[in-house]
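Data block below; observations after.
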Amino acid sequence: MPETLIKVDLSQSPYENENIHNRWHPDIPIAAWVKPGDDFVLETYDWTGGAIKNDDSADDVRDVDLSTVHFLSGPVGVEGAEPGDLLVVDFLDIGAKPDSLWGFNGFFSKKNGGGFLTEHFPQAQKSIWDFHGMFTSSRHIPGVNFAGLIHPGLIGCLPDQAMLDTWNKREQALIDTNPERVPPLANPPAPKTAHMGRLQGAARDKAAAEGARTVPPREHGGNCDIKDLSRGSRVFFPVYVPGGGLSVGDLHFSQGDGEITFCGAIEMAGWIHMRVSLIKGGMAKYGIRNPIFKPSPITPNYKDYLIFEGISVDEGGGQHYLDVHIAYRQACLNAIEYLKKFGYSGAQAYSILGTAPVQGHISGVVDIPNACATLWLPTEIFEFDIQPQASGPVKAISGGVDMPLSPDL
Amino acid sequence: MPETLIKVDLSQSPYENENIHNRWHPDIPIAAWVKPGDDFVLETYDWTGGAIKNDDSADDVRDVDLSTVHFLSGPVGVEGAEPGDLLVVDFLDIGAKPDSLWGFNGFFSKKNGGGFLTEHFPQAQKSIWDFHGMFTSSRHIPGVNFAGLIHPGLIGCLPDQAMLDTWNKREQALIDTNPERVPPLANPPAPKTAHMGRLQGAARDKAAAEGARTVPPREHGGNCDIKDLSRGSRVFFPVYVPGGGLSVGDLHFSQGDGEITFCGAIEMAGWIHMRVSLIKGGMAKYGIRNPIFKPSPITPNYKDYLIFEGISVDEGGGQHYLDVHIAYRQACLNAIEYLKKFGYSGAQAYSILGTAPVQGHISGVVDIPNACATLWLPTEIFEFDIQPQASGPVKAISGGVDMPLSPDL
Amino acid sequence: MPETLIKVDLSQSPYENENIHNRWHPDIPIAAWVKPGDDFVLETYDWTGGAIKNDDSADDVRDVDLSTVHFLSGPVGVEGAEPGDLLVVDFLDIGAKPDSLWGFNGFFSKKNGGGFLTEHFPQAQKSIWDFHGMFTSSRHIPGVNFAGLIHPGLIGCLPDQAMLDTWNKREQALIDTNPERVPPLANPPAPKTAHMGRLQGAARDKAAAEGARTVPPREHGGNCDIKDLSRGSRVFFPVYVPGGGLSVGDLHFSQGDGEITFCGAIEMAGWIHMRVSLIKGGMAKYGIRNPIFKPSPITPNYKDYLIFEGISVDEGGGQHYLDVHIAYRQACLNAIEYLKKFGYSGAQAYSILGTAPVQGHISGVVDIPNACATLWLPTEIFEFDIQPQASGPVKAISGGVDMPLSPDL
Amino acid sequence: MPETLIKVDLSQSPYENENIHNRWHPDIPIAAWVKPGDDFVLETYDWTGGAIKNDDSADDVRDVDLSTVHFLSGPVGVEGAEPGDLLVVDFLDIGAKPDSLWGFNGFFSKKNGGGFLTEHFPQAQKSIWDFHGMFTSSRHIPGVNFAGLIHPGLIGCLPDQAMLDTWNKREQALIDTNPERVPPLANPPAPKTAHMGRLQGAARDKAAAEGARTVPPREHGGNCDIKDLSRGSRVFFPVYVPGGGLSVGDLHFSQGDGEITFCGAIEMAGWIHMRVSLIKGGMAKYGIRNPIFKPSPITPNYKDYLIFEGISVDEGGGQHYLDVHIAYRQACLNAIEYLKKFGYSGAQAYSILGTAPVQGHISGVVDIPNACATLWLPTEIFEFDIQPQASGPVKAISGGVDMPLSPDL
């Protein structure tokens, strides 16, 4: 049995667990040390630390304090790891907490974080997904059932001070271009809700004041939300501080490319079993700036796709220059429109794109002025036939069930 | 034997072939009529109509007149097709012209079109790829050999006048924001080099004056450059004019997601064997705005990938808001840096990303302020081992061979 | 949390657990009842009920009493199931017992069961495989590491009396053709070691006297040892008795097609999470005689194979008529010879073929007089390169480690 | 353009083409020489040399003289190849003759060759398959349409005299055990219909008298009928005579594992584009006795299977000892019975199993006394849904169309 280095009690606040933290800072003390070649288990909270409940109201999604996220387990120190090394991490397995076999997906209110399609779905909504072994389905979205492509949304090593300063500086510069924007352009440090692990007192306060928020992916990896970084894959992380300081959290039972619903994938509390080793000096040897990885040999193998195209002309007909973000948004909107013909509400369709293993491809980025993006929807996840045919769509979903919605207060 | 409806003689200028056109306009006369259920073959020029030669100089890439592209075969009319229908097209097979078993890939000069990485590779370069049955390799880029994922870069139905007007209007509006930009933001009509098929005289001149350029993908599909729209796939195209008016060209032997080199994929002259049918009123039935498609059951099946991450922080450290274009550029630059460790020049590495079946995924688009994109490089296309290992990379490419470069004049 | 209907204590003899049985008979009492739509967990012993230990001696393999196998968990009754129905079983998940994260593979002595290559490996040998999350490796066989294709070797419904009688009659008829053969042609009932679940006294003795041995696959499924009947798959079982009476055991962490080592796959104690439903009258509706199934969407996805051919000419040069068994044996022997060139002992190579997800295809069965079978060896399971190349094989395995062997006494 | 070394005129008898032969013998003169590294094209007849016609009568299948098959193109000599080498052959591409875009599948009469299920289908029947680019369908079997997994049924190097003698001796020994059997156990030399390439006069007569028939697969490969030895794969052939002497024929557009219908796959005339190289002394270096190969990166990728089990109890209830041949026959019969519920005739279902890319796996070969084989039927080749469901099968095939049958005379 591999050792569980960090345990999590879901009935306890993550702030009371000293092996948890929710900011990036080089001063966060190592929670546990391992040796190269070791394998071990870390338990994790869901990214909100339990703020979202398994119920039929979206009030919790509407009201969650996003300055508290993400609650990470770690940092784990690896003996001998030095700045410039690559930390090789094998994801030997990942799972849900046995006492918490469910996850959530939702849309934040536009006033509280928003999401990819926040102009179209501006209010808080939620769907709950139950896990049945390797599979999941939702009482709020009938007609879909699929195997989980389980992965951590957030994992990476601690930054050193120079990198941390770079992050804070460039993100603040962006915020300064439009500081009143809702949702904001980026999130600055928020000391009040910072959880700096075992750090206490003045040291804690200093680190909390400059601790980087965990929301964006950055050079170290971090909140990449890459669905393919899944159980069975191998990742090569840049090391910036002695020992590396590997932290992980935000486990997902499944997610589509883009994690377009923001709140988020199918979010869950769980555990991850990893093995670590080192490539000494690997960053220079291989010219590595961001993590690289190899996909798992064992993944859900849906193959029959319906593929939707989108171009960088926005919903109002405005022309944008090679903007993949807008092109992908159009592809997603096209898919939602299609699924509505089978009886889904727009919100249900949007949630399917956020949770199921859909692919988002950058198909063309040079044919001025239009980028072209494609959204790959696996048809096999549906319990009915969604193929186009001459006789037109058959409405398989009656519409009697929908996702809870909580209007802004 | 299926009938070849349109033939192409590579020794003849495409301007002399009345079944070819290089603009989109509803007035372009139908070149040939077919019935639903028919299958037929169309031959095509390469996208430049033969301007790029199988030699070891990039002068032709530097000097090509881009206002002439793309030379398309068609339009083919389908009896009974009416606006609002979906034209279902099966790509039964696609191949190179037997007398032209090679293709080209290149980078345009920044002064003449540029490309995705034009700031890094600002001058004209070219690589020639020979076809060996299903496989291809280049005398300018040693050590790679892969199966072709053959597809048309450009295919779609004629727009009606209203859609054409929309295109011209919105693209001109973008150009007007920075009309002096090099390369330009978009391409307005260019009557001088327009080839309007069989249209002659005043009718030709009127149509040429407003005929939309073929460069960008648009609502009808067009120059989508989607590598997965390959032989064996089925596409559902919106119909805007009676008969549909299906045109096709710009065949690619292989391409990576994004077609990042712009000039372009592995470009070739060839033929395409298609079957057509109709879903009457399909646009409304299925809520279709852009084409949708189903991938082929028969594609190159490379599976072992090395995956590079990129975030929306630019080369100068500037922070951008959820910009997938920049994130993908960083992922591509990361992959190029990696490949250079094995002995490739930057240009060779860039060309590999443009030609081989690499995937580009939109991995995260909500974690403000950073988008996260991933570049999936199939390791099996290399004739040597590119996996990271503790001992560091082994230089497999000696550097004695490189891609021709033609400096700007 | 799904309910665990049957628990297993590995420190207790399976004979003491009344929810276990090791023979097939309609009189074995139902251990637990469920309803269509229910999902539930059954724990299982390894097939030998704990006779094989995690150590470095093959004495236990040599000495095991094969009349005791296989220890099955069940039977589970499904309310409403009647003879002629199809029992639909979804394998929602399968795993090893958390307190027993290892498995064994071995060859029986030719005097005690033998195996597919018993003439070549006539003595007892054993390898132990440790589980690291989804992966496994063996201290007795260096250089291989692969993901588990976890599946039950043995599962099926209780026969009715008529079917049981048919089985006993036809197998005894085969035994009678050569009753002294070692190993025997088939196994007749063996009342002494029979475990008939909760059945006691005279009823137990009667059933034990005619209870069918669990060794062969039969019409109901049973000991099929099909590696692809894995977690995530859906199986349709014929029902012969009211309630069905579903029993399961002999879990495998991984196995090659054919389970050629007989002892067996990577054998383990574990648990299986299933959901059941019914197709009323399904046997007649679909003309079903043996189970049918659909493979899992989530399986290890090794793709690069080296494929060995074999024909039905035996090791002595003798010609056999379309004998696939002999053809597959030759393909296996060819693969073993190949692997020995890289430093493996014959026994290690044999064990790899028995445990890794190798495929065995019936490639040709009509080209008289030779059948042709192919053995597909996934190259990605090796930690070194096993591809053929002009310079010949590089010996990657030093030979210092081998599988324990226990000579016959 | 690769050179076409051997051309075939389908209007000419293969006996008139001196680059064709239909027996194996070391004295057959090399038809063309190439160098290692060369690539070239060989055209081929269908295996019967044009005896079967594209019509609606099975008379030709009933009446064909099987002593004439298979007509092979070659032998091709490779400079420098010596006995003991491995001849590495890349299948760069394979296709149908452009003037012959169709193929045939059939069952021989039991009196003239028979087949795998000859007891069930004892009379001559035929289906014609038309090729539509990469796809095929049959006017005799509605409702199926699939992509071709194109491959040569027969390819290998010339035997030396010692190997030839071994073949003739061991096959005659088998024949001698039951010389009157219909169909025969094996085929002895048949000088009258032998075509020995360019060999003439007494030399021809001597070679014809002992030339091995091409029907069975043997050590050199030969008539393996392995569906996965397809375009894009790489094969390593043992070399027995100076120059190797590579011959090929019997091209198949598609075939199921086992080629169970014998006549045969979807048989076609065509061409194959190959590249050759050598591994000197490779047979000893790698311990090679039979060819080995690597599968293609580009194959039809059907993934959703319905899997049928079969055990080695025959149709009369007789018990056989680990007989995979019988087990696979039962799996095939089970699949045929299933398909009949959707409206197919037994003959149509049998033909689908012989032509479509079905897999046949040797699932269990140690669980005495029953072997277990599985037949994997890809559901995606059907134009209607063949999944089992609670409501039972829907008859999609009306039965108005069937395969021509020609009773024995």
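Chains: A, B, C and D, in written order; residue numbering restarts at 1 for each.
As a working rule, contacts are C-beta pairs under 8 Å (C-beta built on N, C-alpha and C of every residue); 3 or more make two chains touch, one makes a residue touch a chain.
Everything numeric here is computed off the predicted structure, so don't read it as measured data.
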| item | value |
| --- | --- |
| Same or different residue numbers at the chain C/chain D copy interface, by half rule | same |
| Longest centre-to-centre distance from chain A, chain (CA-based) | D |
| Which of A-C and B-C has more C-beta contact pairs | A-C |
| Rounded Å distance, chain A centre to chain C centre (Cα mean) | 40 |
| Where chain B and chain C are represented by their mean Cα positions, the distance between them in whole Å | 51 |
| Gap in Å, rounded to a whole number, between the CA centres of chain D and chain C | 32 |
| Junction residues of chain C, two or more chains touched | 301, 304, 380 |
| Touching residues (chain side chain C, partner chain B) in the complex | 301, 303-304, 380, 385 |
| List of chain D residues in touch with chain C within their complex | 86, 115-116, 166, 170-171, 173-174, 183-187, 215-219, 221, 223-228, 236, 257-262, 264, 277-282, 285-295, 304-311, 313, 317-325, 328, 330-331, 334, 337-338, 340-341, 359-374, 387-390, 392-393 |
| Partner chain B, residues of chain D touching it in the complex | 1-2, 39, 91-93, 98-99, 101, 132-135, 146-147, 231-232, 273, 275, 296-302, 380 |
